[in-house]
Structure formats: structure tokens, C-alpha cells
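Same chain, two partners: subunit A is paired with subunit B first, then with subunit C.
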Partner chain A sequence: MSGHSNWPEWIYVAVVIALMAWVGAEAWETERLIEHVPEDAKIIIVTGQQWFWTFEHEDGTKEIGELHVEVGKAYKFEVISKDVNHSFNIHDYVVLMDAIPGRVNTVWFAPDKVGEHDIQCREYCGLIHYNMRGTLYVTEPSS
Partner chain B sequence: MTLELQKPRPIWQIMFSTHHTDVGLLYLITSLTFLFLGGSLALGIRAELFLPGSQIIADSMTFNRIFTVHGTTLIFLFIIPFASAVGNYYVPIMVRYKDMAYPKLNAIAFWMIPPAGVLIWLGFADFTWYATPPYSIISAPGPAADMWIFGLKILGVSSVLGALNFVVTILKCKHPDMSIGQIPLLAWSFLSSSLIIIVAIPTFAAALLMLLTDRLGVSGFFNPAMGGDPIAYAHLFWFTFHPEVYVLVIPAIGMMYEIIPRFSRKPIYSYNSGVFAFVMLAIVGFSSWAHHMYATGMSFTEKTVFMVGTLAAVPASAMHVFNFVATMWNARIRFSTPMMWAVGGIALFFSAGAGGVVNSAMPLDFTTHDTYWVVGHFHLFVMGTIAFGSIGYLYYMFPYVTGRMYNETLGKIHFVLSFIGTVLVFFTQHVLGLYGMPRRIYDYPPIPEWIAMNQIASIGAMIIGISMAIFLANMIYSAGKGKPADTDDPFGLGGRYYYPFEAKNPSH
Partner chain C sequence: MKFVFEFLLIMAVLVALPAADFAFAAGDEPGEYLDRRVVIWNLFYKMMTVAFIVGSVVSGTIIWQVWRFRESHPKAKPTSYEGTDW
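Up next, the complex of A and B:
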């Protein structure tokens, strides 16, 4: 139509497609690696309910609003909900998994430093969603 | 070109008219009203978040209702009716037909919007703009929730009726001398977005009814206590609303296709790639909906499929950006108010898309999902791209609709303040998201970075608020008292850059 040749646009589109392919491939590879749960991971059952978190360790001990784990060990969270949707989040460790009634979702992490981190709810769940918070304590192994 | 009959008429003649420019005017006034109403709610939200603790909003319930109605209003009662306004004014003219294909249906589609708006505003629901179950079934207080559901139901029907009308007007009523390859890109944008609406909306319409019967306790589609699954709702919702984001953005891009070549005083770089990119977005937009659901516990395969589907739509968006930049390249650009808005809108469109790619890459989305990053991401589209394109277009239409010129200096001040404000609010919100602040929270712990960035965002919002007050004053004053416009060349571009056809007199 408009007389001029269109090669700059073709090059540009090719570059964008290549970039997207690269982003996709990197994302795919990373996600594949981080979804692989170590076999010795300890299971923690995380229950979300309006508006607090409960944690149940393998030995049956329960914590509310606080979670104590040991540095250097792997943990697998089984995230469930008693009422509406929530989302279990430890932002510093990029742990994020929705708590959905009727489902068990899993996510894992292995804390690598001693310290304290915020736990929060990242899915809207009503009145006190803004304060559905907790604290993660990563401690030295008691051995 | 003129878009409006100059002789003054009583308001009821416009209200009961079915002529496309009259219905366009009704859409326009309605959408701008809701822009200001919804925008005021945003100022309330930003004032509340200026500091931790309770500021101006008494309790979290009120806060939750405010952000729910804010989002619902601006998407469904500002952006969509604004596009319909532009489509009503321009599509018949662009296909050289006397009116929309079904004028009465057109008026009916418009008149469904005010009652829906009233339902949403009188109800003031709190369950966010996606009404997720089971919260929306077992926790959200009625009758607000039910009024919202009915409001959205009505808006959905109105959208589908409007879309059918655009499709028929373009495909069946266009002048026989014109081929489909000759209609302007703005008309193509309405054809593409209307086709998306027709395919996408019925799914949400069904989900809304299921949600309502779930609330009434007679079904349990999405209620786990009755054997249902909330994830099913998420799929139905996003199957409609990911494509719907293209319904929102495509007409705004179409408006930029009217503004940018004209004020660059050049033809568009490539008409064909504009058409191609619209059609691609309309099709590929259906392959990515569950990128909103990476954290719901989908399998690795599902996540991969939807990531690929999302990334596949990016080249089409990028083609529009290229087309605009290539058109402006070496052009004799005239930076009148409409052009400033359009160019600013493209810059923000590009930034928004770049953030979207980050969301799409699944491991990165676990950092950004449901934080302020996502709020920043989609506001760069809805405010930065769509509202910018729309406001630019409003300035562009103004002389044709009113026969008068707006104040150019105030128009430019409006743009500069809005642009600064938009960058301050929504770029900052991206960073805030990286620091982990969840969205939809009434209060937050006093983390120094969070406070600083919330304050920058709130100041940005105030700047936008001030610019919008200037805008309102400019529009109201100039519509009545502005200096008469030269409707052959209101922007001093030289006559041959304008659209050659006029609206036909309704009294035929």
C-alpha cells in the first residue's frame, strides 16, 4: 500500500518473539527446578481461616500466628483453608500459595539463614485481611 | 466535520433520541460522570494509605467497599461506556452509513447502564471486582453483593447488545464502495473488540447466575461446603476477563490511530500491521486467561501452557507500539493536547506491557502476584493507556461535538500533571509490590520503605486529582463559552489531514 518496504518491522517483530521465547524458556527451566521438592522435606500443615494462620508440625505440635523452623532444613507446606480463599505468603523466601477450601496445595522452602520474616495473607479474605499476619522464626537446629 | 447538530435542543429530545450522535453524547456524559465518581473513591483510598493506622476511612469494611466500587465503576462505567461513546459517534461515519444498524437497540443498550450504575453504587459491595467465591457466597454481606451481581449482569447484556450492533454496522452497513480493507483502524478496533465481547461475556454471564444461586443456597457450583469448587469460578471469570482487558485497550489504541498519524501529518506507517495486530490480539487473547491463577495450585503443565499463551500475545501489542513510533519518525509533529495524551499513553503502554511480561514468567509471578505490583501493572493500562487515549480523544472530538475550542494551555497542564501523577503512583506501586505489600489492605505495618512509597503514590494521586479538576473546569467552561472552533481545521494542521465525512442529519 504505502510504497515503503517493511523490513524494519519484520526485524522488530522477530526480536520481540525471540525475547519472549527466551523469557519463556528461562521461566520454564527455573520453575521446573524449584518445583522439585527434596525428599527429606518435613511437612507442615498450614491452615488459613478468617483471619489467622495455624501451623501443624509433623510431631503434632501446633502454632498460631508464629512458625518456628530450623535453618538448613527443607519444609513442605500443605496449605488448606477452613472458610474462604487466602494466600499463604512469606515474601522474603518467595513462598506463595493459595489456601483454597476443599483443596490441598503444596509449596516448599529451605531457609538458609537464621532470622525473622513476615508471614502474610495475600488473597482478599474480608474484614481483617489486612492484618492476617504472622512471623516466621528461623532458628539454629536444636540437634 | 461536525458530530453534533448545532441548534440547541431540549435535553429530553436527546434522551429519547436513537440517533447515533445523540446516543454517543449520552454515553459520553455517563462515562465522564462515573470517571469523576470513581476517581474520587481512589483519592479516598490513597489518603487512607498515606500513613499506617486509620486516617480518613473509619473501618476496613468501608475501605473494602470503596476499592471494590472504585474498580467496578472505572472499568464498567467509565472505560467501556467511553469507548461506546466514541464508537457511536465515529463508526457509522467511518463506514459511511446514516446511523448504527439497529438504532433502537443501540439506545436500549445505553439505557441499561444507568440502572446498573445505580445498583452498584447503592449496594456498595465489598467482594472486590472479581467477587471470588466462597467469600462472595458465604461471607459477603447482602443485599450489596446481590445488587452488584445484578448490576454486572445488566452491564454484560448491554455490552453484548452494543457489540452486536457494531459488528453488524461495520460488516453489513458499510458503504458498498468501501472494502473492509479501507475502513479506518478505529473501526477495525471496534470490530475486533466487539467480536471479543460476543465470545467472552456469555461465560461470565453464566458464572454470575451460578454465583447468585449459590448465594441463595439452591446450588453449590462454587461452594466447597456443597461439593463445589471455587477454582471453577476463577476459570470462568478469567476466561471472560483476560480477553476483556483487550476489549478495554483495543478501542483506546484505535483512538490513538486516529490521533497520531493526523498530528504527525503523515499516513500511518502500516495500516495492514495495525489490522493484523488487532485481529491477533482478539484471537490470542483467549489463550492466556489462567495466568491470573498461577498461585492457585495449578500443575506445572497448566502453568506452562498459559504462560506460553500469554507471551504469544505480546508481539501483537508490540506491533502497535512500533507502528506509532514509525509513524512519528521524521514527521512534522504538532504537539497539540490530543497528541500529547496519545504519545504519553503509548509510552505508558510500553511500560505496562514490560511489567506484564514479568507477571507472565511463572516463577516471577510468585513475587508479584496479588501485591501492589499487579495494581501498578494494570493501572498503567487502564489509567496510563486507556484513560490517556480516551482523554486525548475527548480533546480531539471536543470542537466537533461542541463547535467550540477548549483552552489549549489548560489542556496541556492537565496532561503534564496527569502524566507526572501517573508515573508517581503506578511506577511506585510496582516497587512497593517488590517489597511485598499485598493489595487490598486497609492498613499496613510501619515498614519504612512501605510508608515512603505509599506517600509518593498518594502525592501522585493528589496531583492527578488536581489535574482532573482543571480538566472538568476546562470542559464545562469551554463547552459553553469557548471560542468558536474552525471545524474544518480546529488544530491548524492544514485541511487535508482530517476525516472527510460528516454525521448525517437525523431528521431524514
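Up next, the complex of A and C:
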């Protein structure tokens, strides 16, 4: 077609490709950063079942419906389920991981302030899903 | 050839950005952990900024095109395949 220039289209295509590359790189980098578990993270086994959470610390102590951790330390959650799909969520610390029967999913966090936070199930798991809650207690380090 | 060059350039950016950020990655020293909340919400706000800017540019372009190329626009011209009797 004479007299027709298509350079705006090429600029449009270049901008779209550049944006997609940038968005992809940012998301990829964020995922890489948050999936990097600190080597000294303490392991807590989180078990979801209808309709409560059980937490097992490295020393074998277990807690039901509440979890005590210490400020300034890193923790790695190994999230499992005994029955149906659940999702382990500590909203205030942006911790969210599915609990799937037959799988061990991991997520980590490092609380930086003393306080109490809600733990909840974020995957509809049956009649009392709405009340599958717990409390996270972040305390001062004991030693 | 040009396509290959552009493709390689994009791939280079995709690899270089995370590699550059690696230098600033959080250490494993106790008490120096990465603040997941900051990283995750930061990504969210960046993506929302991009999404809203792209959304407004695209919808703005469409609205302008509809307005500019309507039949009743003062500068509207028939295309060759529409005939010359305007």
C-alpha cells in the first residue's frame, strides 16, 4: 500500500514485548527470592485436617490451633493434609500454601515483630471450613 | 536476521535482570532475612501500575479511534473499497 507507514505498529509491538519481558522478569525474580529458604530455618510440620491445624516443631512438641514462634528467626513450614485440600494462610505475613493429601508443600517466613496473628484455612474444605482458624503467637526469643 | 537479534536481545534482558538482582538478594545471616511481605506487595503494586497504565492506553486508543474514524467526523474520508460517493 503506497503512502502507508506502519512504524506505529512496530513501536506498539516493541512496547508490548518489552513490557511482557519486564513483567516476566520481575515476577520471576520475586518468585526466586521468596522461594529461597534460609539455611538456618527451623522446620515446622503443619498438618491440616477437618477442621483444625496441628503444628509439630523440630523437637517433637505439638500444638493444636495455635503456633508459638520467636521473633527474628526463620521458619520453614512443611504443609500436609490428612483428608481433603486445605490452604494454610497467615495473612499478616503473606504466607499462603495449599495443604494437599499426599504432598508436602513448603513455605517459609521470618516474623519481625512480637504479636498475635490469625491463621486460617483459605480453601473451602467442608462444613466448618469457616472456623478452621488458629493463632500465631510471635514471642521474644528465649535465648 | 533482525528478528534473531531482537529475540536474543529480549532473552538477554530476561537473563540479565534476575542476575543483576542476585547481587542484592537477602543473606542468610540470622536477623537479616528477606521481608517476604515487602517483596510480594512490591511486585503487586508494580504489576497493578503496569496493568492500569496499559489498560488506560489501550482503552484510550480504542475510544479515540472510534471517535476519530466515525462516519460523521468532519475529516472522515471514504476508503477506496467504500466507493467515492460520500
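Going forward, the second predicted complex is superposed on the first by the 132 of 143 C-alpha atoms of A that agree within 3 Å, B and C clash if a C-alpha of one lies under 4 Å from a C-alpha of the other, contacts with A are read in each partner's own complex, and residues count from 1 in each chain.
Just so we're on the same page, a contact is a pair of C-beta atoms (placed from the backbone, for glycine too) under 8 Å apart; a residue touches a chain by one contact, two chains touch by 3 or more.
None of these values were measured; they are calculated from a predicted model.
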item	value
Which of subunit B and subunit C A:A25 touches, first, second, both or neither	second
First, second, both or neither for A:G65, with subunit B first and subunit C second	neither
First, second, both or neither for A:Y124, with subunit B first and subunit C second	first
Chain touching more of subunit A, residue-wise (subunit B, subunit C)	B
Touched partner set for A:G102, first subunit B, second subunit C, both or neither	first
Partner chain(s) touched by A:K73 [first = subunit B, second = subunit C, both, neither]	second
First (subunit B), second (subunit C), both or neither touched by A:P38	second
First (subunit B), second (subunit C), both or neither touched by A:V94	both
Which superposed partner A:I17 touches (first subunit B, second subunit C, both, neither)	both
Those residues of subunit A which subunit B touches in one complex and subunit C touches in the other	17, 21, 23-24, 26-28, 30, 32, 34, 94-95
Subunit A partner contacts - residues on subunit B that touch it in the complex	60-61, 64, 126-128, 132, 134-135, 138-140, 224-225, 229-231, 267-273, 295-297, 300, 303-304, 307-308, 311-312, 314-315, 318-319, 322-323, 326, 357, 360-364, 366-367, 369-371, 435-436, 438-445
Residues of subunit C touching subunit A in the complex	6, 10, 13-14, 17-18, 21, 25-26, 28, 30-31, 33-37, 39-43, 46-47, 50, 54
Parts of subunit A lying in touch with subunit C, wherever the complex brings them together	17-19, 21-30, 32-34, 36, 38-40, 72-74, 93-95, 108-110, 112
Contact set on subunit A toward subunit B in their complex	1-2, 6, 8-9, 12-13, 16-17, 20-21, 23-24, 26-28, 30-32, 34-35, 50, 83-85, 87, 89, 91-92, 94-98, 100-103, 105-106, 118, 120-131, 133
